[in-house]
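Both complexes below contain subunit A, partnered by subunit B and then by subunit C.
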Partner chain A sequence: MTATPALKSFATADGRHPAGIDLSAGVLGAIFLFLAALVGLPLLWLAVFAFTNAKGMPTLANFGDLVSDPDLLDPLITTFSLAALVAVFAAISAAPLAWLVSRTNLPGRRIVRALLTASFVTPPFLGAISWEILAAPNSGILNRLWREMSGGTEALFDIYTFSGLVFVVTCYTAPYVFVVLSNALDRIPADLEDAAGILGASRWRVVRAITLPLALPALLAGALVAFLQAMTLFGSPAILAIPAGFHTITTKIYSLFQFPPKPEVAAAAALPLLIVTMLLLFMQSRLLGRRGYAVVGGKSGEARLMALGIWRWPAFALVMMVLALPLFLPYGALLKAAFSRVPAGPLDLASLTLTHVNFVFIEFSQTRRAFANTFILALGTASAGTILTLLIAYMVARQGGRAGRLLEALASAPLAIPGIVLGVGLFLAYTRGPLVLYGTLWILFFAFLTIELPVAYQQMRASFRGLHPELEEASRVLGATRLGTLRRITAPLLKSGVIAGWCLIFIGVVRELSAAVILSSQNTKVLSVVIFDLNESGDLGAIAVIGVTMLLLTFAIIGFANWIAGVGADPRRAVG
Partner chain B sequence: MINGLCRSLALLIAMTMAAQAQTPTYKITPELEEAARKEGKVVYYTSIEVKVAEELAKAFEKKYPGIDVVVERNGAERQFSKIGQEYSSKIYNVDIVNSSDAAHFIFWKREGWLASALPDDVQKLYPAGSFDPEGYFAAMRSSLSVIAYNTSLVEAKDAPKSFADLLDPKWQGKLVKAHPGYSGTILTATFQMARDLGWSYFEKLASQQVMQVQSSTDPPRKVIAGERPVMIDGNEYNVFLEKERGAPIEVVYPSEGTPLVIGPTGVMKNAQHPNAARLFHAWSFTLEAQQLMVDKGGLRSLRPDIKEPHGRKPLSEIKLMKDDPVSVDSQVGDIKKRYLRYFKT
Partner chain C sequence: MSHLLLERVSKHYGSTTVLDSIDLAVERGALVCLLGPSGCGKTTTLRLIAGFVEPSTGTISVGGNILSRPGNVLAPERRGMSMIFQSYALWPHMTIFENVAFGLTLRKFDKAQISAAVGRMLSAVKLDHLAERYPGELSGGQQQRVALARALVVDPEILLLDEPLSNLDAALREEMRFEVRRLHDEFRYTTVYVTHDQAEAMTAADIIVVMNGGRIEQIGSPEDIYTRPRSGFVANFLGGANVLSGKALDDIRLDIGAGVVRCAEPLFTKDQVGAFSIRFHELDIRAEEGVNTVQARVTRQTFLGATRDLSLVLSDGTTLRASTAPDLRIPESGAVWVRFDPQRCRPVTL
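Now for the complex of A and B:
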């Protein structure tokens, strides 16, 4: 089970190996060691630093600072309040949306789903910057309009407040709840609802008595995801909380890297995040387990859509108004800022300018490097991550057993590690010997790979579950090796699931800021960090140009990947 | 024992003096140009506003084709952390560095990270005290941290005239200020204001619901956008540039004195492109580069033969607070801690 021979055999495996040698044990071992190092090393260093002082002696003083120093305790309290409020509001706003899209005859349901995907692609920090342009208390576009209409001097909404932060984070977290919930609602079998209907329950009674209780575990699971997202977010608090004069724990951890850096305090401050995340994930797996009980065996007919009647178009209008918050308004603001002199000034022809476009693409020497770095990393991580998670999912699905479960646990573990915590851990691990990776793209690659591993793995596992092993067995019986079968039978059948996984990783990498901000250096800056830097000097126009370009490129690449998936989806070709 | 100590001390002093007397200077020669061209690029870390930095880079690239200037702009304090991180990981990206916190150069020199590179022009023309006699750094630029207000929101007669005026309740919720944890200009200004006005000034200021931004380039933008009508601190040069572009903003030089911020440049000892770095260093002190920096960048130059553009108040007519990087270097931790206590970020 050593790594080297296994990798070597994998490299040459093309189905021509004698059928007698099963390579999977070696590959399994290699993947296991790789994952253990990938996930374990940063956490190990984090633990070492959290429990030692600057001289390397064991101590608990770092945790003492954490609970006694108000500079650290206040951000911790703020963070948990933020996460709790976001979880509640995200659930409240996503639930009706998911129900309308999944269970009613709302017009344009496909479009609504697509738009929600678009809000998922939008990096939260870009959303936060857009909302600065929209709702800064005095210069914000919306507040200006409000003053003109009302004639008053008061702002309608101040984004640089705790409630402003809760609002913006909710905007970009609610899509997670929506996805979890609408998936569950899609799968709730219609027969239970039908039964209730036959027994004389009104339509609303059915919703209250059947649909809601069945969807509740998914809603709670979605709210937990929202809680975790909000708790570990770095960009939005850095952009909105600092001007308002407060810290969250993530911005505090980042500030501990100011010179002279205090990695030991940062490590200690990171541990509560890690522990809370693990606890919540444990609760979530309990919840999801119970939901499985409720809807398993749901092979009965398609979910019945409820007719909204005269409420169809009002409901549609409501959905569009909700979608305006994460999408239409911010994108409008970005486009406006990209082409006008004063980002939030009144819109007229005189203020139109190409200065920002010119600056970003001609004068600004970081643009090309940052675009190249970002897309090299996104493509590289997506491809490597896809192969890796595909192998893991295959091993787990077809091998099972204790080894499989262990592998699965390792691949899911990074879910419990917030990006900024992982950033701190990787920084500690790879700025000292034997392997110094800081300053190269590799450290970002490993960070992104680790962060995206769980999501990609979930996607691959789902794809494998829908795949019957008979075809593979036939191939094995006819003499192909396991890896040969994987390449020629299993992989083509998995194509669309694999492409979806690839896209998920790609989007995740482009969005990532919290680990990147700690790990990138001059040569290895990515777009998210460039945007973050530009925001600190207030260059909103340049940010808008870079942000819009980045999103267009992301959509183009994802569209292209899906187009390939479509081309290759011909089942005859795939199996043949 | 004592004898020995005295002897070695005397020797040290003699060596230092010898070094001072003989710090070699250098000029831009065809050989230097050629060697720089072979290296092909120079990595320039700076805390100057990014557009001004790119402007300087462009002018240099035009004068010396074949040598690319890679500009890495960050807030001086952020840049200081980044260089510290990189050097402790033995990553020597940076060739030449400019910072708005002169105290950084005291630290870097002490750590032995800088190379001695004293351009001939600097020794001959620049005021003594504006450069390190041993040639490790020299003041490439200076600027002021000023009060400014939005002229379409505040009438000149109502505008603040002093730092004390900013404590007036009428400015509650109307002030914006940059952060000493990010900006070297603001760290320097905070030190000088705390020294001259006392920390109690900041304590009172903090109760004015101040909007906190990061870079000293940002407050002028927030003022022009109308987000806050008055800025407590921020770059004079950004105010100049915006005003000359027609934006509604006006400078106030506070009656207590205006914080003076010196921005030195130094060549790194471990530079990967040492010749290109020395060429860029020497060029940045020429009349051509300094005049460009003043005209297009709104900065202040310490070069005596510079022509101040019309409409900007000459440095000699402004009451300045005294700069003191040595004290900043020793008090930086305390400054940040106190700031955090009052402003919470």
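Now for the complex of A and C:
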């Protein structure tokens, strides 16, 4: 009986089992109330305002304005045309890319995948500004080059047009389609293709008859995501459409907050956006949830990659040309603008300058405060959001039942709330009593926490799914306490998932503009809002400096977080 | 002349040898089972025949035409073969009819011919009433039969089956074993069937090829392999057997340490190490010493209903397993004599 010393705590002196205090019910209740307030309050105020007039009387007139006033109806039409076109173009451009990367022997497939994933980190508004630098009708770099080469005076591109907007939004939306589609293509069992091959189908026939039809539901789902992104985007339209003299629904909502503010009309305009978003998300979950078709399980060999033969390098060149549009050209333009006197001027040593760097970090008082605000908010939201979603995921995974499902629904609900709509709702909720938060960082904190909640929760849920309860039970049975198990078994296994979730929130906060632009005030400006303001005054050099710094800091933080994750990382992790 | 011929075929992945110079000849219309434990190279052999894998050495030919040799492999789609996958690999986005018709469409049959041929084949596998369903709506056994129909309808030169029954439950597996054999008797395609289940191989095959560690251990009819295993591995893998070894006293007697055993066939070489196998149920457990007996002690006995399973240990520590009549009485001490029937002691290589 040498093992007894470790086991003596199993029974108390009077022979009864020690009763652990069960905190989970209380914690569950508290989280539930917090989430309900976080998500529910803004939406409630949104609904109240949408159905009342300026005097606070119930009315439907706000919706009447929405369909009768061309100032409101036109943006609505523009928004849906933009979203539809972006969805189509994003699908058309992402599909061949995803197929080449997932299913062929394209050179540098891993790099292409990494680059496309990296373009997620690019805030869409920064992309739009970079394309201003490249393709503004007079000062755009590409137009200058064109005029020099052709000797004419005409501009080749004009980014301040509807088609220019469609192009830029497509650039930063297509990666979403790519990720959804390439994941689906990776999952198609090789057996299904081999079965067609052995029956006599040529490689191309296999692609057409088997691979593409199986990937079609994912392509549709990806196109829906693209539609949603384009519909709810604020930054790119605000930067490109307003100078061109037209509005999308998000920029219209923003302008309704300018003097004289009409919050009730803004609330009414936000509701259709909310409803369409919910509908599309429902359709998307149906498409992906069914996984299209039931694929029969079983061992399936490694996917046979299609040999491109002589087309290998032409295909690579094509992919690089496509990648130039969201990545190489804009980043090049941004770097050039940051360090040269005239963004569009010819590139030579004489034009190199540190004026913009000096302006941003020394002269311009707002920048340092915005940097501080952004990183306080990003660190705070990422940490609070990680803890919150970790708790929710733990409750849902280990508690389950109706309470779990309700909690899950609350944590996922913000997915259906476009940033600008949430901004309006939070503005309405916290500019009046009992809790006046407008003008403080707290209102931005709650906005970012709400916006990032679904993504972070999904990350945590995925981590918990990979962690079978039996791993914890095995530790408890051997005599470890609940906390000891958490520390020695659960935490190490969850570590990398938790860090990934933290990074996701961090990136999300840094690139958020649509809610921030409504909720920030003079002292609570964040970087995205400062960039937005500078764009209105045409200060592209300063924007470029801030943008580049922002990206560098983001990459540094992510690298640091991954370094922490990597220290003591266990190569046998796959067991979990 | 044999229809399918593999000559000195090897497959290496880096420094790992998966298949070590195997030779195999399959007659037209024969059903050959590749049988062996996982990792023995049987699936690699099948994928080599299908053309999904390139051989490192050797050639694979059908009807005298070389299809695979190192550096030159005819694409799978140009071999006129059919294959049934372990996962069935039914295309989930096509109906049962469309799945079965796919190969015929590729062969440019017209609509009427296709619909007639698919109808005939679906009724041969008793699925004609499910033609418009999708694979996801069918049970495992039905999916298996669709896979069979899809492979057979194109009238393949050679039919390949990769562990086709391993995803079915036990009862269905037994039924489908006979179904595979029945369809083979009906259509008589040259067939190569990969399995690790000896009962499956015994039911379905004309010829069994036992494989182990990338080599072929023995080729023969099911009866031949079971009754005359040439190696200890084959005896053990098919039906289970005790394999005993020792120094040969002459061409017929072996000193196994605990005693001397005489076999019927004079296949040993004097003063060299020899081995023989004897199946569990062929050991004769008795109370007294007799001709060709060795003393043993029973260490464990399990009553299994139809038989009684014994674990025995010989005086030199060798352990044996025996399967006896259920009513056998073992003395309290456990001391018994084991008689080796010389006719049942088959000399094997180790």
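By our rule, the second predicted complex is superposed on the first by the 520 of 576 C-alpha atoms of A that agree within 3 Å, B and C clash if a C-alpha of one lies under 4 Å from a C-alpha of the other, contacts with A are read in each partner's own complex, and residues count from 1 in each chain.
Operating definition for what follows: a residue touches a chain if its C-beta (ideal position, glycine included) is under 8 Å from a C-beta of that chain, and two chains touch if they have at least 3 such contacts.
Every value quoted in this text rests on a predicted model; they were computed, and no experiment measured them.
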Contacts of A:523 with subunit B and subunit C, given as first, second, both or neither: first
First, second, both or neither for A:247, with subunit B first and subunit C second: first
Subunit B versus subunit C as contact partner of A:136, first or second or both or neither: first
Subunit A: partner with more touched residues, subunit B or subunit C: B
First (subunit B), second (subunit C), both or neither touched by A:365: first
Touching partner for A:194 - first (subunit B), second (subunit C), both, neither: second
First, second, both or neither for A:332, with subunit B first and subunit C second: neither
Which superposed partner A:533 touches (first subunit B, second subunit C, both, neither): first
Subunit A to subunit B touching residues, read off their complex: 71, 74, 136-139, 160, 241-247, 255, 257-261, 342-345, 359, 363-366, 431-432, 436, 438-439, 521-523, 533-534, 536-540
Residues of subunit B touching subunit A in the complex: 43, 45, 49-51, 54-55, 57-58, 69-75, 77-78, 80-82, 84-86, 88-91, 93-94, 179, 181-182, 210-215, 217-218, 221-222, 224-228, 336, 340, 343-345
Touch list for subunit C against partner subunit A, complex: 47, 50, 52, 75-83, 85-93, 102-103, 106-107, 134-136, 143, 150-151, 154, 160, 167
Residue ranges of subunit A touching subunit C (in the complex, touch as defined): 189, 191-192, 194-202, 205, 209-210, 213-214, 216, 292-301, 304
